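Look at the two complexes coming up: subunit A is in both, with subunit B in one and subunit C in the other.
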Partner chain A sequence: MFGKDTTDLKANYSFLFMWRHFKKICLYILKRFLILFITVTIGVYLTILVANMGGAVDEIREGQIRESVSMAVARDPEFQELSSDERQGITAQRVELERERLGLDRPFIVRSFMYLRTALTLDLGRAETLRSDSGSARVRNIMLERLLPTLVLFGLADIILFTVAVVAALFLSRRYGSKLDRAVVALAPTSAAPSWFYGIFLMLIFASFLGFLPFGGMVESPPPDTHLQYFLSLARHIILPLSAIILSAVFLAIYSWRTFFLIYSREDYVEMAKAKGLPSFSIDLRYILRPTLPTIVTNFALMLISMWMGAIVLETIFNWPGLGRLLFRAINQYDTPVIIGSVVVYAYLLALTVFLLDIVYSLLDPRIRVGEGTENA
Partner chain B sequence: MNKVNIIMKNNPGKNTKVSSALRTHGLNLNFQTQKGIIRAVENVDFELKDGHTTVILGESGCGKSSLARALLRLLPNNTANYDGEVWLGGRNIMEFSDSQFRTQVRWIKISLVPQAAMNSFNPVTKIAKQIAEPLLVHGKVRSKKEAMRKVSEVFDLVGVPQDFIGRYPFEFSGGMQQRAAIAMALVADPDVIIMDEPTSALDLLTQANIMNTLKKIKWETGVTYMLITHDVSTSSELADDIAVMYAAWIVERAEAKDFFDNPLHPYSKMLMDSVPRLHADKTPRSIPGTPPPLYEMQGGCRFAARCPERHNDCDREPPVFEPQPGRKVKCWLYKRN
Partner chain C sequence: MPDQIKAAIQEIKNYPSAIFGICIILSLFSLAVYSVIAIPYQDAITLWRADVGIWDRTPRNARPAWFNWVPGVNLPQNISSSSQSPQAKKEITDLGNGMSRIVIELPFRFDYDGFPKEITLFFDAEYTETRPWVSLVWHTPDGREIDIVEQSIREQERLRISQMEDLRENLFGYRPLIGLFMKPESEPPDVKKGEYKLTVDGLVFEEDAQLDVDIVVYGQLYGAAGTDHRRRSLAVALMWGTPIALAFAFLAAVGSTLTTMFIAAVGVWFGGIIDATIQRITEVNMILPALPIMIMVGILYSRSIWVMLAIIIILGIFSAGIKTYRAVFLQVKEAPYIEAARAYGAGNLRILIKYMIPKVLPMLVPQFVVLIPSFVFLEATLAILGLGDPLLPTWGKVLNDAHQQDALLSGQYYWVLLPAFLLITTGFGFAMVGFALDRIFNPRLKSY
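Up next is the complex of A and B:
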């Protein structure tokens, strides 16, 4: 009875299963993507409304255009001979042309959607005062140049934070109530302070007092020539901001994840795994860590979102050439296109973080992948 | 029809002499709590006969599940005392080290069908994989493929359709999960299967189906069951031997037929009186009172407070008497004069 037919049947089934899973995952990811895109769009649109004060900024811009055009006309030797009426006519004509070019003749509601399109595609034209390191004034170039250092710093911090916290939490959950465990629980409230707070302390101790790590920046100036030296310099510079980020979140993460592990390790299936004679290493990995991961990933996503918020000040105090410091400078110098650009890029980063973790979640939890309540027998 | 690979053991004949699959002597398991020491299993002697089904009967909170834990050495952190002898295959497994116990006893000698099957599977791993796991861990099969073949055999035996092999626990219904839990207990051909109230979480129809499946498996494989239950009527279908547990003691042991005809211990009598009968014109009666909390044990017989036949002797702990051959009762009423 268990001849060839059953194996064929099983092969068929597993193919069907995989196809079913694949379709479900794709659908889920698509749905998540659409929802996040709508969220980002709404967020950016609200920013545009606020940044334009519901159209008031455009009136100021119109005034600026009128002023600069009339100045230009007044200075132009070609028009010196003309009467003031004619000059005014030319001025009015040019102002009208400029308004049409910028779309200021259309109602604000239409314009706001035009802005939305340009903002979402980061087609924000030229920055007013800021320049990229390569000298470009295009907002998109400035932003992209600053994106990489931010991603390096925070990406690395997130990976280290996650790994350290998961391992430490699992370790502590096995030693529930020990001195180490109680120490970590007592340290959990330290995560109430933001990362830059710890940054200042670390800077005081390791850069100012002990003096063996640099105060800030990403590499030495002038930048080293060889790749190896560049990398080593980067490593020396990244230690302090990296530690500040990790320090500001790690104890709370360990504390809450340890609690998740404790809750999940009381499940009946953990005891069954023990009864089955599995070695404790496999039990920890397959029966405690694995079922807890979806919960931890959700918690981590929330944590990352709040960590992006601290980025602006942290990058500023460590003089890290990332998006946060750029935003800080743009606000100081009233560089509106860069401010809006930064907001958009941050919105994208946030959405991307959530999106990636959603995908990870769907891979981790079969209840999402396969879908709850399918063909129960 | 391909016969299942599980070794055919002798079916229990009524008069054949059977050896014991597992025997305990003076088994104790105590827990330390804030209220004091809880005696969950105290001085327990009993045996599981090879190929027989032994039913451990008793109310909730009398130490039945702790007995199962003690046999599998699944001890909580607050275990205060765990000693005695457990003989299995000619060796006292209480002397095994933890790693010896894990590799030589758990699941390959003694397996467990837990109380709530729905919580006994890891929700993020396919059930078939979880069933195959002990085979791979204990080196019972050479490859994953062989393990899966074995899983499909036990699925067949317990009546889980073959196409459930690729499914996750949440894609199983409650009854199917219970069947899968039984399949998991069978997969490594253990000598003894402990079943801790295997049907108590299910509706009556599913209960009946599962009991029939258990009976079928018993006849096909000759496996030794230890069935823990509070349900006298469902257990009667499967039982060969009965052990009645009350407040951490085994108070009566007998063959099922003798026990159901004529229970000896006052507690057993009252337990049988509480069961509704189909053909007798008798109203079921409940046992007044509750079992004593396991942490405030006094000397003397623990059932004395609820016992209608108590007398002066009951102030002292009764020894085990054997009023008829093969029947053991822990009660002063059967003291030989």
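Up next is the complex of A and C:
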């Protein structure tokens, strides 16, 4: 957005220079990607350790084996004649064989790494009771189907939140002490409540009391036929959850960024720019926003991470068919494979947030382009 | 240190919002203390578990009693009258052969604009073989007498008069609940106010047989906070939710901030591999999704609020806060007084605990206060997900019940609004104080 850094030299535009920058940025991004991948692997491994302390993962696998084996034995005409005791003996034998084949008899350390691979690829087998809309019971299919609605809702909320908060913060930092400014400062504590909490109130007012907007869901049921109608229905349904997310974070963001801008607007070089007679708009952009942007983006990313957590309840309350509601349903039905899968997917989402932040950061922070270390910044 | 705190207390007086916040916190604290004293821990659990017999005499889904404070609203409260109370009349006449006749009159006033929710008789009969025989007559204020039923009763018989549909023909075709209380011929049914009376004419067939009866006319309003779908008084949960929320949030905030700070100090002081390891663990921890992990533990192991607390603290140790503290400790480490301490031969632990941490502790105070609301809401979040503590009544569990019973759809707003009000008040109280403290302890923010 503010890519053209005019404080840099004109040489900035020379092709060679840009190429060198590009290479450095790519290297940095690659490095961060690797680090994050290792981090996610460790995180998922820890999750598996926690999950299997009570043997939950083992149980999932054993249950799957037992079910398929006993089905096979029951179906096999060869065993129809045998008594049930004999048949059970055969089943037990086969389960044992299968356990050996899949390595369930090996020590936990070895098994845990096997689980790590299945978890990282989300190959968690079949859900116990939950099904995807297309009828699949594979955990991966169920999860992937739910990812898009979550990304639509939260992606949109994030973009709106960031834009609104930055613009409002800049605006208020110029009107320090005005009534509006004081009102925002007073409203900042509202962010103590999570988004689902505001969701309840918005639902109470707009759906229950006034009846303007639907209680929940993503589109009407049955879904409209044309694209336009589908979009309009989606828009009507997204208003309340979207407002709830924004409402729960916006005032704190405006307040803290405004304070940050105020501190920076006292710097000498800003005074200097003012003295030069630059219009306040370009002072805001070049001298206040530009140097503070990396910090603000970091702050924003931390906010996003906490928002992902709120998603679970918000989606449940608004019946939004995303990952959060899936997790909620999995909890109610004790569908362990889906629960563990959700933890992994959320870990991926958090890592993705951090990764996107790294990319934005590399574009914003000149030190990365020039090649200085950022670790000790 | 004490000087700093004294100065902070002086300064906090300049922030009206902080004073307001402190008032909120203090009143919540007194409510918490009162609740713990008024309803002992074990009682709270038993009450909320709603064992058989505890909540028989409270209405289902009743609104709070203060609804009647609204001008023009006069909804029925819960009314009960017992044959053992002084208002009731109980006459026993011996009929010989061990038989006796027991006539009980249960009078009560009904002065409300609405109809009650249910009417139930609770009998308490003592006999060895032959059940007592009773006939019930309903007396309205305008002198009509309505025969309700004649039947034999068991020891703890319950007669749900409101469900006796065959009474309709004597009650202008209305359900007993309405028909028993309406003015005759009024359309739509209007309440006849005044003195009602139920007479129980009983025959007992044994020498020392006893007969007692209570009538409960369930109101549309009950208690300070209404009742839920299992007839439990919400006041119990809302009161007991306060100490739980405060204790949970306080312990979580203390546990996670103090440990984080200590770890950051250790990392900075020892440097090298220890510091690097701490930093890497922090990065891994940032990616661990805390709430899903708590959910996983809740499903697989235990839902106890204290287990959740332990997880919060464990996941909170290596939180993003380490980076902030680290930056501050890096400066503190270079301070001359640390060098002086080293020169006189102070050990590592001594320097950490006596010199480094106290220097940064004030920074912790506002953060700590700001963190509390987030933990109060975290408990509610877990409860809404159905992972509330299995025993204790909490605000979140009330919200969860309300959500599961579709309270908003059916217009039982009080059920959602009361716990929500307590949650937001707590959140606001701590946040307001925390924001003011933040400005006091972080001089850079002070002037803004």
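Convention: the second predicted complex is superposed on the first by the 312 of 377 C-alpha atoms of A that agree within 3 Å, B and C clash if a C-alpha of one lies under 4 Å from a C-alpha of the other, contacts with A are read in each partner's own complex, and residues count from 1 in each chain.
Everything that follows uses one rule, which is that a residue touches a chain if its C-beta (ideal position, glycine included) is under 8 Å from a C-beta of that chain, and two chains touch if they have at least 3 such contacts.
Please read all numbers here as calculations on a predicted model, not as lab measurements.
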Q: Once the structures are superposed on A, label A:327 by its partner contacts, choosing first (subunit B), second (subunit C), both or neither.
A: second
Q) Which partner does A:64 reach: the first (subunit B), the second (subunit C), both, or neither? A) neither
(Q) Which partner chains sit in contact with A:290 here, subunit B, subunit C, both or neither? Use first/second/both/neither. (A) first
Q: Kindly classify A:203 by the partners it touches after superposition: subunit B alone (first), subunit C alone (second), both, or neither?
A: second
**Q.** Which superposed partner A:259 touches (first subunit B, second subunit C, both, neither)
**A.** second
Q: Have a look at where A:163 lands relative to subunit B and subunit C in the superposition and call it first, second, both or neither.
A: neither
Q: Tell me which partner A:93 touches in the superposition: subunit B (first), subunit C (second), both or neither.
A: neither
Q.
For the overlaid complexes, name the partner, subunit B or subunit C, with more touching residues on subunit A.
A. C
Q: Show which residues of subunit A both subunit B and subunit C reach, each in its own complex.
A: none
Q) So in the complex, which bits of subunit A are touching subunit B? A) 1-2, 6, 9-10, 13-14, 17, 267-269, 271-279, 282, 286-287, 290-291, 294, 364-367, 370, 372-377
Q: Give every residue of subunit C touching subunit A within the complex, in rising order.
A: 17, 283-284, 286-293, 295-301, 320, 370, 373-374, 377, 380-381, 384-387, 399, 403, 408-409, 411, 413, 416-417, 420, 423-424, 427-428, 430-432, 435, 444-445, 448
**Q.** Interface residues, subunit B side, partner subunit A - complex
**A.** 1-2, 72, 74, 102-103, 105-108, 111-112, 114-116, 119-125, 133-134, 137-138, 149, 152-153, 161-166, 168, 170-173, 176, 184
Q: Sort out for me which residues of subunit A touch subunit C in the complex.
A: 35-36, 39-40, 42-43, 46-47, 50-51, 53-54, 56, 176, 186, 188-194, 196-197, 200-201, 203-204, 207-208, 215, 259, 262-263, 302, 305, 308-310, 312-313, 316-317, 327-328, 331-332, 334, 336, 339-340, 342-343, 346-347, 349-351, 354
